[in-house]
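Just dropping this structure here.
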Amino acid sequence: MWFDYATGDVISKLERLTVAYHESGHAVAGWFLEHTEPLLKVTIVPRGTAALGFAQYVPNENLLMTKEQLFDVTCMTLGGRAAEQELLGKISTGAQNDLEKVTKMTYAQVAVYGFSDKVGLLSFPQRDDAFEMTKPYSSKTGAIIDSEVREWVGKAYERTVQLIEEHKEHVAWIAELLLEKEVLHRKTWFKQGFQEEEDKASTDAKTIQDNNGSTPLEPEVLPA
Amino acid sequence: MWFDYATGDVISKLERLTVAYHESGHAVAGWFLEHTEPLLKVTIVPRGTAALGFAQYVPNENLLMTKEQLFDVTCMTLGGRAAEQELLGKISTGAQNDLEKVTKMTYAQVAVYGFSDKVGLLSFPQRDDAFEMTKPYSSKTGAIIDSEVREWVGKAYERTVQLIEEHKEHVAWIAELLLEKEVLHRKTWFKQGFQEEEDKASTDAKTIQDNNGSTPLEPEVLPA
Amino acid sequence: MWFDYATGDVISKLERLTVAYHESGHAVAGWFLEHTEPLLKVTIVPRGTAALGFAQYVPNENLLMTKEQLFDVTCMTLGGRAAEQELLGKISTGAQNDLEKVTKMTYAQVAVYGFSDKVGLLSFPQRDDAFEMTKPYSSKTGAIIDSEVREWVGKAYERTVQLIEEHKEHVAWIAELLLEKEVLHRKTWFKQGFQEEEDKASTDAKTIQDNNGSTPLEPEVLPA
Amino acid sequence: MWFDYATGDVISKLERLTVAYHESGHAVAGWFLEHTEPLLKVTIVPRGTAALGFAQYVPNENLLMTKEQLFDVTCMTLGGRAAEQELLGKISTGAQNDLEKVTKMTYAQVAVYGFSDKVGLLSFPQRDDAFEMTKPYSSKTGAIIDSEVREWVGKAYERTVQLIEEHKEHVAWIAELLLEKEVLHRKTWFKQGFQEEEDKASTDAKTIQDNNGSTPLEPEVLPA
Amino acid sequence: MWFDYATGDVISKLERLTVAYHESGHAVAGWFLEHTEPLLKVTIVPRGTAALGFAQYVPNENLLMTKEQLFDVTCMTLGGRAAEQELLGKISTGAQNDLEKVTKMTYAQVAVYGFSDKVGLLSFPQRDDAFEMTKPYSSKTGAIIDSEVREWVGKAYERTVQLIEEHKEHVAWIAELLLEKEVLHRKTWFKQGFQEEEDKASTDAKTIQDNNGSTPLEPEVLPA
Amino acid sequence: MWFDYATGDVISKLERLTVAYHESGHAVAGWFLEHTEPLLKVTIVPRGTAALGFAQYVPNENLLMTKEQLFDVTCMTLGGRAAEQELLGKISTGAQNDLEKVTKMTYAQVAVYGFSDKVGLLSFPQRDDAFEMTKPYSSKTGAIIDSEVREWVGKAYERTVQLIEEHKEHVAWIAELLLEKEVLHRKTWFKQGFQEEEDKASTDAKTIQDNNGSTPLEPEVLPA
């Protein structure tokens, strides 16, 4: 049993293990996805009253996001749950915050940014004013939007699970490192773990530079 | 007829019997389920104006809960109704509070924690602000969520009824003890009743230790 | 024509007749149902501005109610309408208050106490706070709940009509007595009318004792 | 053209004709229906800003109404529109107020007084408090209620049209008398017009007495 | 380009043309329909900030309107759009106000005045109080009402297009006169344009008299 | 990387490229569509906190808009997204504001201006008062409206994509010019780029004159 001196909470072994693999999943997904920035830091030191771990992202300064970039950000956000499932064989409530972000992000792509062929080039941004009583579209359109969102998140999770499977050793290695050191900075794992692989396969790897997502223009297969 | 000196209420024989078997159902379920903590205390002394009996749980200090843990907590909560049905052949309004907890817990698993394959990795936490006018999803998605919740609670009750059937003698024994002594502490029944069985089958039994649910990592068959 | 000196209302012959048979229906149903307390008093003297008659129940002190008990209370409440229909061949608006009670009681059994197999072990108690905007379940679940409620009330009414048919003579006899005396106490009809039958068939009859519904534990055929 | 000195409105010939036949329809229906009181007075003198004519009913002092009585009151209320249709071959907006009454009355029978077999013995009275946000039943039950109401009103109108057809001469005679005299009291047409028919067929006719609807108890064929 | 000295707006040639034909459509429809009053005046001088043209109606003093009269008023109101479509081959946003009137008028006929056989003799007037939360009928009834309204307006437009087609020359002649003179009074076109036709076919024409819609009583084929 | 001295934001190369092609799409669509005014100015200099680029339109002074004009305005507004898709092979969140405008414009055509045959000549303008609780039409009508809007926007986008394809070189040329000069006025590209083509094919080109959309009256194939 670990005792958290800050909050006085006692964290069970299982919880600590789950958090380490969860955060490692984010880190590895963020590293190997083409359109996302690598994480700056991951930790399993509890933060405040709710979060048991934490992953620090490069703040997104993009004003425009392409469909590909949003797809990869979705996958990185699902990386934690995917690591729990693939490496621990157990899923937990720990992904709730991630899923909430993914839900919002995907509704925006489908119903605000006009990325879905089935919904069409329509935009229904949520109105700012206090409360809206009825949705701006019919319940049938609502069902189409929901079904698109479900399908898109499903595809992103499929891709994430596959990525985590491919990089299983990296996930386990970083998780164990986290259990040992509790905090990891990007440079650590870059130097210690991924460098070799980077050297071997430098073409599809990511170098730490401010490329800001200005990736080349080849289209990809995405939900449409 | 019993007279409750605290509230002045008179409790009928049938009510007292029902309460004793109901609380005993919680105690036995909590004891034999893998992922739940044994109860601390059960009583058939009325508490306040509403509850005729009471089961005291080990406070849950987990910040993360796995799908398996939540399934077992659901079963323990349904243990009271299952005991009424299986041992008395009558169900009563006494489970209302338990069912309300189960309803909330299962909606959270299906629509907030992303545990259901049919609903997908989406999270729709209830908003804090005063009143929400419309649900954040279409009525079709609402029907899918409801049907998943109904199915999951159905499966948990099936498992609970089976567990209560298996341990029928324990339930009856503790219920009769409760009718006699009115209050039982964990140690009592541990020492008096379950020890033998524990000795016989120590593998699938639970020892009173702070294992905090850090169970081994074998996956189980659960609704998905 | 009768003139009510208290309210100044004139009550027609048909209204007086209807009220007498209606209240008699409650009294006879309450007497012969296994799980209900006999009425204390029935009267056809108008009470206040709305009610033309009145039936006084033994106050229910049970904190727990079994499914069987709630079924019988439903039947007793439907006894008035059943008597109008079976003995007068006419139904009237006089049962409105009874039907409102039955509606609430049955919704509680189906959607709050988890008594319906089709709805499952879910509990959706009505929230106390001022107004709820949306139902906590989908419209499809709402339709299932409604259909269960309709079916259960239908079964209860069927049973009530059958009971009133069996005891037609009692209903007529008490109704005529009411038209003559206007107020009847339990003891009156117990002594004058039902005693003989009681003597003949004491097994399935009800004796005036505080048995508080603590009936034996044989299960019955009920909607499930 | 007639000029209304009270309001300054000019009433066209067609409007005057329509009003006379409309009011006559109420009067004749009220006279020949078994369970309604004859009207006290009918007039085609405009009243206030909206109504072009007026029919004065015996105030209903019944606290209980049978299904038969409510059916006949519905027919009397539909008598105006039926007379417009059958005798003038034109329907007008003049029945709006009548239809509103009929709509409310029929919803009450179906959804409050438990008179409909399809809806069952359920009662959903409209709540008094300021605003209710959602209906107490599902949209499916709402559709059943609506369809019952539509069918019941249809049956009542069918019966009304048939009654107006049978008594076409009476309707025309009273309408012409109204155009001549503008106001008619019950006694007038009783003495002048219906007496003969009354004499011929006194069995199914109505005598002017305070029978208060206490009609004999033969059941009738009604929507159920 | 025309410059409107009052508002400072510049009106394009196309707009001026559209307005002239639109107003002429109202004038011609109002002239040849049996149950409507001829217009008093039409103009293409903009009025206020919104309307580019204007048609002045004889104020309706009828308190009762028959189904036939409301049908013809609907057609007159649709005359503007019909003229745009049939004579210019282009439809514009200029009919918005007319369509709003037609929408309200037709909903009233179908859901308030009981003119539709499919909806039945029911009346659901819009409640005056601030806001109503739910419709007084089910969504199924709402769909029936909507579909009736759509069908009725469709039939009225069909009739209007046919009328405008028949009187194409009159529409063009009045439109051109309007472009030249900007304002036309009823007498102008009565004397200059329609008189001949009136003389030829005086039977189905309309004479300028205060007949107030008191047309003979032959029934017509209308949506029912 | 470009640094925006006004806001301090850094804009990536990809973002700058996307904005240039997006704005160029608007400019080229506006130039070649028959019923729209050419743009006055386009720029890729960020404006305020949100917009990365900006296209300045000739203010619309028309009080009437034909269906053809609204269709072309829709296409011009979709020109930005079409250019992103056709020339960069990537779509971005940058079209959100355009899509919102298109959504509103198309709902108005279908549900307010009566341009859709499927919805009919009905008008449901959004009410000004604070909040409306329910839609003025049934959910079935809502689904018809939504499906029409989706189809219409789909057709407009198809037309826009085809137009952008035809004028691919113009789009690329203006986009590159924008990346170089950051701001372009109408005269610039008129003189430098389109003149030749104009000279060659003066019939289907647009001359810079205040024709205010007063195009000839030939009908076109549009959604109806």
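Descriptive notes on the structure:
Going in written order, the chains are labelled A, B, C, D, E and F, and every chain counts its residues from 1.
Everything that follows uses one rule, which is that a residue touches a chain if its C-beta (ideal position, glycine included) is under 8 Å from a C-beta of that chain, and two chains touch if they have at least 3 such contacts.
If you're wondering where the values come from, they're calculated on a predicted model, not measured in any experiment.
Least step count on the touch graph, chain A to chain E: 2. The fewest steps needed to get from chain A to chain F, moving only between touching chains, is 1. Touching chain D and chain F together: E.
Note: Cα superposition of chain C onto chain D, rotation of 60 degrees, nearest 5. Among the other chains, C has the CA centre that is most remote from the centre of chain F.
Per-chain Cα centroids separate chain B from chain C by 35 Å.
Between chain C and chain E the centroid-to-centroid distance comes to 60 Å (mean Cα coordinates, whole Å).
Computed from the mean C-alpha positions, the centre of chain A lies at a distance of 69 Å from the centre of chain D. Counting partners per residue, chain D has 131-134, 139 as the residues that reach two or more other chains.
If you draw each protein chain as a dot and join the dots that touch, you get one closed loop, with every dot joined to exactly two others. In the complex of the two chains, the chain D residues touching chain C come out as 61-68, 70, 112-115, 119-125, 131-134, 137-141, 210, 212-215, 217-219. Partner chain A is touched in their complex by these residues of chain F: 1, 9-15, 18-19, 46, 50, 52, 78, 81, 88-96, 99-100, 102-103, 131-135, 139, 142-143, 145-147, 149-150, 153-154, 157.
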